[in-house]
Amino acid sequence: MIRFEPDRSQYPQPGDDGKLEIDLETGKYLKLWHGPNHPGITGNMSVELTLCGDEVVEGKVHVGYLHRGFEKLMERRTFIQVFPIVCRVCVPEPDFNEWCYAQAVEELAGIEAPEMAQWTRTLILEMGRFNSYMMAMGGIGGALGMGVIGQWMTYVRDLMLDRFEEMTGARIYHMFILPGGVRGHLPEGFAGRMEEVLATAERYLADVDKAMFTNAVFKARTKGVGVIDPALFEPYGVTGPNARAGGVAKDLRKDAPYLVYDQLDFEVVTETASDIWARAMVRRRDIDVSIALIRQILAKMPKDGPVMAKLPNVLHWKIPRGETYVAGESSRGEYGYYLVTDGSGYPRRVNVRGPSYTHAMALLEHLIPGTNIADVAALMVSLHTYPPEIER
Amino acid sequence: MKDIDKSFRKDTETEFPLREELKPRSVTAPDGQVIEIDPLQDYFCQEPPKVHKQSYFRIVEDFYNWARAHSLWILGFGTGCGAIEMRPLMTPRFDAYRYGIQWRPTPRQANLLVISGYLSVKTLKRAIRAYEQMPQPKYVVGLGSCTINGGMYWDSYNTIKRLDDYLPVDLYIAGCMPRPEALLAGFMDLKKLIRKGKAEGANKYAENFDWYKANQKSVIKDWDMPDYNW
Amino acid sequence: MMRDLHDHLKTRYRLGDLAERRANLAFVDVARADLRALLVELRDVHGFTHLSLLTAVDWIEEGRFQLTYLMNNRTANRSLGLRVFLDRADPVGDTIHDLWPTAATYQRELREMFGIAFPGSPRVDEEFILEGWTDMPPYRRDFDTLAYSQQTFSDREGRETHDPRAHMAKKLNPEGQR
Amino acid sequence: MGNLRDVLSPFTAWKHLIETPVTIRNPIGREAADGYRGFHQNDIEKCIGCGSCEVICQNAAIDMVPVSAPVDGDSGLRPKIDYGRCCWCALCVDVCMTGSLTMSNEYTWVDADPDAFRFIPGVDPKPWDDMEKGYRREGARVLTGAERVEMGELPPEARIDNFDEIVVGYTREQAMIEADRCVECGLCVATCPAHMDIPDYIAAIREGDYDLGLQILYETNPFSEVCGRVCTHKCETACAARHEGDPIAIRWLKRHIVDNVSEDRRLEIVGTPQALPTGRKVAIVGAGPAGLTAAYDLARQGHAVTVYEAQDKPGGMMRYGIPEYRLPYDALDRDIAVIAAQGVTIKTGVRIGREIAMDKLRGEFDAVVLSIGLHIGRSTRIPGTEGPGVEAAIDLLARITAGEEVPVPERVVVIGGGNVAMDIARSMARLQKRKHGAVGVTVTALEDFAHFLADREEIEESFDEGIEIVDARGPQEVVRYKSGKRKGAVKGLRTWAVTSIFDGQGRFAPQYDQGDERLHPADMVVEAIGQAADVSILGEDLTEALEWTRGRLAVDPAGRSSEPWLWAAGDAVHGPDVITAVADGHRVAASVGAMLMAMGEVAR
């Protein structure tokens, strides 16, 4: 493989304190705002890049463009009123918020959701994971100029959104996982229609394998690029597929099974290279796991049964003082809710631990220096970060 | 505008300092030449926007409007949640391109700014810049509850409530968030407005420029950029 | 298991009682001076290598902030939440960015949203999420987001609501008789 | 470098060129899923305007706006939704107490006017009003409790031979669960004759603050212990929870508060009048709920109140009409003790009109309140009612209370279907059980079970106690033995089946099916068809001077008669239950108080 090696002698050298001395006025450097309005950015965020030639010497991540103050808003909403807003914390995979919040509330209030609800929740989470991966897959293709991958994946995702719609009554913000259970049963014939979607997805994914993963250009641009040293995983809080791409076989679904994952049969996907290609491949293979899981859940889940536990009157629902942390394996890594209650009718504090928080901030800033400007978009997309969960 | 409670406006008296790179200074180029620059003078326009005059002949204006209606070029700036439902429109399933709608990466090539839901104050600043950089005639569509009356972030300290206080909105689409089909219906309605010559938001912005600026500056407390951003 | 660990650590650090939430999750109060040594020991000896999150809770009635360091042992899948209390009047925390570089981000957020200082943490005083913020740190309990929003952003006019009880009293019993 | 396959394989994507396009031909207006959460619909006939949707909406998207005039159990308000706020979470649909609020699967609404996005579903016509599809709540309401906590009762076999109180009362846990179901809409407040602050005292139970609860009770009702047991609880018919589930057990919750505050503590909380003595004197005739409530209020205002009672003990119908198994006398005594503690003088055994003339009262007091109740039993006046073996229910009940001997034959037939009929039937059943070891009571009522006047639980409990209730029977004759040893004694009651009770204009005019005749064997017939006031106490002159409407004393809305010094309250003028009497007492006291205050001003 031919790689262009720039002459780094002209690059800024770290000063005595280890910091780069960058004087923009010298004309040697170019400051480039990658976002917030930029086709190569993962959502509404921005990276302030300092370039020397076409190599990035420094990158500062700027977030907050989507900050709505969720954690503050939740403190002035009752426990049931928080339910509709949590899903908005992460737009592409909202269901994880719903589940984490519901689970945390149930834990502190001493409620247990019925079995049927547990299965339905697992199904929703896997469907959400599938959708999230579809966006990631399309994003990686798009970031490397393969727009058609994005077109295909968005189409397949849309088919899944149709299933979401008939099941939950909404396309994006499903608001289906209430504290105490779920809102309803699966519609008639759902499994059959789901199977059609999964079959279509598999057909398109086979095309993705051919058009992207075996594509010489894709390989050239991703293999060996954006490598995260596995030694950085712990210090930088890298979890989920990003860590699995570096050979860390950690998956909360397996390690700390929640919902009904202990009754499902699946394996933890890993790669070893820890580069962009490996991260894409882990996700690609995890889609297959998700598809298999959806099929398993639909086959194994009970056909009928109550979906809601008995709740107190939610209009004046108080939860005793306590704190808990509920986490699960989202499509991007450890997604958790830290909930503190103080005995009143409102949460004392809700903190959302989104995996993007660590991946897109400290880790990305660490990875960017030294990359080529053309690879920055691919690097970001390969970390699979969603800005709304960083700033909330 | 509301009476302002001073306790929530601690720093309104002091002018926010201009960003460093916008200040006048002298720069030594690599070849040793010294250049005096004043970015506000050199890089930015000094004129407020002007009303886009209609053609003298009605038939010509109608023709222009017909043409404008059939080429809605949307700025691909996902300002909030609603952006996720724009993506399906760009794919074959909903295929907005057949209606003459397409997305552009830069404001210079776009004539339609879609505010996809809530705007945090930080994004509002960028949205204003993006809007002002768009060439006339230009249109703004607000997606969802948030742009109409604050939506579910009605009590948030960081999101605006009424989009029409800060930007001239030509059309609103209800929903949280509106589905792709609803967006298409909205764009079709916008086309009708344009053809009737009723989508005059940009002119309204030019006519009431001071009012809009005052509103914008009342929430963007670190106004460290020029007033005219094109 | 958590209890064993707690008993083991209690001899050398000033720890509060162990509050067990689940078999694999517990919280414990830690004296601020012992925090760093404890974190290092947890990380290096007991396998709590993963910092799940670092956040704060404002106990305004008690006049203090609670910092929660949620440590996770990824091999044993156990989490231990360390609670450190800071004086709310002058909240200063100890930076741990050298132990976990990612903590710098959390500390920046805490600085901005709660006004808790972390001297020595990189870029801690830079704006993080907010921009041009002039009010008190918004996650503090005494910051009223609704009032701020009403003061800063205008509502669309013309809305009026009626309380059913008061409305019926007014209509059916206008003299307010019992 | 990749091999040749890596270069060529991407071109396999070209096969999509010959595939059928996935494009939706006409996406605009494409129908959403059946259960889609689209725009709101509201069945405004079903909606009661309780405002639960507004309360649960975390976006403050819903305003309650007046659409129709308020009536019992319907505030007349309807939700107006602001689509500049709504997030389509459908919590409003889930919480809706009547199930009137739903969502269609319509989702397209575009407008250039931002103020257009507000509407009252079901009132402002919208294209989706009649759409069948859309989000509906699946199954029962789960966000607020639908089922009432069952009240513990003595089992029939344990209660039938004694007058012990049947209802056990809620435990704290039960009360907490029941109180938790309340959605605090307050529709009940308007329906309650005394406008008690029902949601507030229920909230006090949830908080476990019984002192506060008692304080709230006493603001509107000094007979909370009585009402907590025997109130006709009209409030529960207005309860929002009754539409899809059981109404909140408001009466039992009220009782629960009083049960949980000791007598001493109660006196402490209520305290004594804070107002300075005004020197004004008020006489109240009749120590029933209306009179004593008025006495309580006036005493709290600082007036000197004297209550005259003909019977040996105060309480009126609460003591002499309501059997002990429903309202134990000590419960009543506790309520009266609080009133007496306000400095009210209660003179029992004094019959106005006999021992003291009304004129004397007029001379001695600044104002007189007449609250004499309805103590004369009405008769059906059917053949055979005159003579031995036919009794008035109200007399019997009073005699039982007073401890007098009453006839307890083996077979008793009661005429009437109201609560008094049930009271006497059940009292007689108890006495029969004691005396004969068996119950032999038949209740004949004009109404059929669907329109029964007595409370449902009264009927059910009566059945449990072995009482026979025959509905839709019109009494025709009390049949007496024509000859033999028992000549003249009651043999039974002859009845016809009722086909209708009211005529087309709604007037009382029962129609019978004469072919369906039955004889209910009995040794005694008890008439329980209503009572009348004993107005003879007024004396002829006063009766002449006062205005009357249809045999009742005419009073203005505040209870003042045509004589400026005389007020009337309670059953005698308004009826028909304790809580109405309490409300009346308050009203009259306010009017009297205002008059006395005005007198004070003039005197000064």
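Every chain is named by a letter (A, B, C and D) in the order it is written, and numbering of its residues begins at 1.
Basically, a contact is a pair of C-beta atoms (placed from the backbone, for glycine too) under 8 Å apart; a residue touches a chain by one contact, two chains touch by 3 or more.
Just so it is clear, the structure is predicted and the values come from calculations on it, not from any experiment.
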Would you mind naming the chains that touch subunit A and likewise touch subunit C?
B, D
Most central chain, judged by mean Cα position vs. mean of all protein Cα atoms, is C
Higher C-beta contact count, A-D or C-D?
A-D
Quick one: report the Å distance separating subunit A from subunit D, using the average Cα coordinate of each chain.
56
Rounded to the nearest whole Å, what is the centre-to-centre distance of subunit C and subunit D, using the mean of the C-alpha atoms as each centre?
50
Could you tell me the distance, in whole angstrom, between the mean C-alpha positions of subunit B and subunit D?
60
Using Cα averages as centroids, what's the distance between subunit B and subunit C in whole Å?
36
Which residues belonging to subunit C are in contact with no fewer than two other chains?
130-131, 138, 143, 145-146, 156
Residues of subunit A touching at least two other chains
64, 67, 69, 72-73, 76, 84-85, 155, 173
Among the residues of subunit D, which ones contact at least 2 other chains?
22, 32, 58, 82, 84, 87-88, 114
Graph class of chain-chain contacts, one of line, ring, star, complete, other
complete
So, in the complex, the side of subunit C touching subunit D is made of residues 156, 158-169, 171-173, 177-178
Within the complex, which stretch of subunit C touches subunit A?
19, 21-22, 24-25, 27, 49-53, 55, 57-58, 68, 70, 74, 77, 79, 81, 99-102, 104-105, 127-131, 138-139, 141, 143, 145-146
Subunit D-touching residues of subunit A, taken from the complex the two chains share:
1, 77-78, 80-85, 148, 155, 162, 165-166, 168-170, 173, 175, 180, 183-185, 187, 207, 210-212, 214-216, 219-220, 307-308, 310-316
Residue numbers of subunit D touching subunit C in their complex, please.
49-51, 54, 62-66, 69-70, 75-77, 82, 84, 114-115, 118, 185-187, 189-190, 194-195, 199, 220, 583, 586-587, 590
Could you list, by residue number, the parts of subunit A that touch subunit C in their complex?
63-64, 67, 69, 71-73, 75-76, 107, 234-237, 239, 250, 252, 255-256, 322-325, 327, 334, 336, 338, 340, 348-349, 351, 353, 357-358, 361-363, 366, 391
